[in-house]
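Take a look at the structures listed below.
The two complexes that follow have chain A in common; it is paired with chain B in the first and with chain C in the second.
For the complex of A and B:
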């Protein structure tokens, strides 16, 4: 494997736990272990890119030369509120209902 | 394995001719396809939703329209949409628990254009969850089976669309292609699939996976039908910020059986290690057919960066996915885990139970590549190598009209064979991924059979060079009869 400055961080299950937390994906212990090995293998395989000389090469975001497209500022009929809320898991009085942000009995996060 | 007289195995352009001549009706054609679905989909499992009732009423409208004389070439033609394209009032699941109950309030532009043309939607097709996969085994509902051998995968992620076309459960279908998801299943199922130039077909209403790579395209039983479908779905859409604003060419004008003087390059890196010898030989034989038809073939073209396309893809696509899929939090729509004490637990449990393993893997991988400290080494680096790959293709197309490769390095593999090894699954796309990275168009079409399993030929064109690949594909198709082969299905009943 090529030397690079990226192989000093966490790996395996430890890495999976921190990424799962960042991504807000709950995980069982079995998943953490399974994903740990798989992620290490995938990261090792994509690290092959470090071999390519990219000095002074501009990055490509997408393949066509279209950037910052604006439309005319013309008002359009929006979707109805009921229509939008029809897919919401929980709605009340015309609003999407969310869970407690800080927990029912807590005052601090 | 012979062509059938059954209506459900008609080419769409042939059905269109019969409809216009009054020899068949759209209702008859739709009923034939719905009966076929009834007869074989329990074997194929290509469809997540069958829209029989709506199809019957659309077919009646189509017959009226044909009688009134304002039909299009696709009026009355049965259509299947991949289930990541929004359809107003009809569930759009992305084959995910997360969207199992999602009923969109609007229809995707590409789908709407086909419906406006009078196509008859008969169902929505199974796919790898959120289009992540190469076998359709990542569907949260059930795997789809290859119509040529029910023990094998149909490819993916548009496996349901490819399989239903092959099985006669529809005449045309739409798929989406981020790294090969139209072409590889087309290859595995023995049908034609086109991934257009990025920006040709609107992505509005296509549930996002990797937005800088996703592109919708047709899956059909022959090249003519693919050109007809592409004609209908292409074009500028102000609702897609990367839609190309230009006049859409008439792709059917490229249906010319003549490649004399056309310069075709055989990409040697895509015939090397990992490519099954029988696949290699079959595809090289297809190149010889084009050479005999008058094409000038260079058998040793090198695209030296080919091996880096896969790592570029597996950094960029998961990065974009981890960002795109952040919206699934169980609040506004989709699955929501019951019983959480607070917002964070609700979100974590919703995403834990709503997403399958491959989706989670890619979210984690994307979060890794985008996190501070790794961003330059992975995400930015991958975008730079993408520039180099684009340049390499641009350079090749100063010398060649079309590049030729296998679509898939292997024959369709067995169900369950690669599900425990994500890296092995990723290798299924080594010949198709570079095309998405470069943003150029490509077609896969059947070019032979090995042990009764279809092999696909991939023809790659320059940016906006759809006409070149359609012309080469059509010439090949006219010189061979692989596109007339049909799988033996339904005989077990």
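For the complex of A and C:
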């Protein structure tokens, strides 16, 4: 799809560390090294795809040949809040409660 | 990078705006939850899809796509034949799925423009890079518990509301141009009925990119992104602040770091926002849960034909049809509600042609941009909810036309209509305000005024014309403003003349 998907960035342990940080997954140094090696091997194996000649082949937007699946703009009855919050790790006053993550959005008293 | 010695050449700002507008659909972008969450209890407009639960599938709201295409057409954009959605990945608790469904390299529309008209300047064409569709995020509230630990509360009602992003080219050259661009864009969205355009309530948001350069230089390779501007005034002030801050730094030979800054209303300044560098690694990829869209030209044509008259066209028509000035027509058409009100008031008025029609249009325009706008703004009310309907204003003007009330009385009646919502006829009757046009009824008052003011009569006989005005004033006072001033004037002149004549006879 885009050049951005061709990973020219870090590899191995460095990539694992950055991905772990992005997805908020805690990892020990040993794990970073171990997974780094495995990830390199996976990427190398998948890289075989780069050798396929795609000259003249239309890019594929979606795996299934289907387009224009729409729904009508109709609002339906809401789900119950208790039911919806039952899956949340923690809830308070009708909200989902999560650990604070520094961000740029609104802070209210 | 700018690191050269201070220069005397004036610098100009290079500004581009990114606007996010919530679309006025009934349901969310990818699920059937209601978008009507204002004032709702938290998490009462949610379902497994907008909560991002595993195993759910989003389905595209066709009305949101239609609204985006209509907006893009109004902004002279090209509509893509092939378009798709992409995942924008970033870890933050306002994203329920861990990614936002947005559009990356194949947006629904691109390459448009809109015109702004700076005062005392030439019309300027501002490029629109693209208009695309995405989903809004959940709302976070940060709190601190008794142990001092900060935590966040998540309200998912807003998550998944259709969000249209209008990305502007860096074509704006002053904070004022930015304000005009925003005003124009909002007006177009309101005319189309696709968004409320309410900045204070957050349904219309604006981020700005700004840098400075010498006029004629290429675009700088750096820019500062300004966020957290919650009103048109905040956008204007934040950009003015940035122009000054960046100019100072450049003149001192300092380098301006590329960064994100937040506008602080309290500080009256933009402040650097610490942000983690990796946050920019969005790892976009095509959304596998949504099949791509093929936008037929038939559908685009149908949407094009459904476009309402837009602000510029309506303003031009008001000037041609009603001989209104550019200024009046501009004020009336800036919001669709005001323009509709104006036309409704004219329709509710008795038929008139030519000069009479133009005079009426001018009168209606004056009452709307004057007294009504003033009262609405005092009451912080939108014209759509005006307590004085367009037909009630027309009825009041009709009472003025047929001489029942004077302009002066109307100025008294109108605020009453506004505060009580009652008809002008009721208020006029109740206050006994009917104008006295009848000459016989006024003759006595005129006679009394003349008898009570012999000095004025002497002055008149000495040739002092303003004595007439004085006597008319006495008549107006005696009738508590109800006398028809023209009739009173005629009668005063007649009786004074008659008095003079009879005195001549007596001598």
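Simple rule for what comes next: the second predicted complex is superposed on the first by the 87 of 109 C-alpha atoms of A that agree within 3 Å, B and C clash if a C-alpha of one lies under 4 Å from a C-alpha of the other, contacts with A are read in each partner's own complex, and residues count from 1 in each chain.
Keep this in mind: a residue touches a chain if its C-beta (ideal position, glycine included) is under 8 Å from a C-beta of that chain, and two chains touch if they have at least 3 such contacts.
The model shown is predicted, which means the values in this text are computed figures rather than measured ones.
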First (chain B), second (chain C), both or neither touched by A:23: both
First, second, both or neither for A:58, with chain B first and chain C second: first
Chain B versus chain C as contact partner of A:69, first or second or both or neither: both
First (chain B), second (chain C), both or neither touched by A:84: both
Chain B versus chain C as contact partner of A:99, first or second or both or neither: both
Set of chain A residues, in rising order, touched by both chain B and chain C: 4-5, 22-24, 61-64, 66, 69, 71, 79, 84, 87, 96, 98-104
Chain B contact footprint on chain A (complex, rising order): 4-6, 9, 15-16, 19-20, 22-27, 31, 35, 38-39, 41-43, 45-50, 52, 54, 57-64, 66, 69, 71, 79, 83-84, 86-90, 96, 98-104
In the complex, chain A residues that touch chain C: 1-2, 4-5, 18, 21-24, 61-64, 66-76, 78-79, 81, 84-85, 87, 92-108
Residue ranges of chain C touching chain A (in the complex, touch as defined): 25-27, 32-36, 41-48, 51, 53, 59-65, 82, 84, 86, 89-94, 98, 104-106, 139-142, 149-156, 227-228, 260, 262, 273-276, 278, 281, 283-286, 288, 290-294
Contacting residues of chain B [partner chain A, same complex]: 101-103, 105-106, 197-199, 211-213, 238, 241-244, 305, 307-308, 310-312, 314-315, 322, 326, 329-336, 340-349, 351-353, 355, 357, 360-361, 363-365, 367-368, 371, 373-374, 377-378, 380-388, 390, 422-423, 437-440, 463
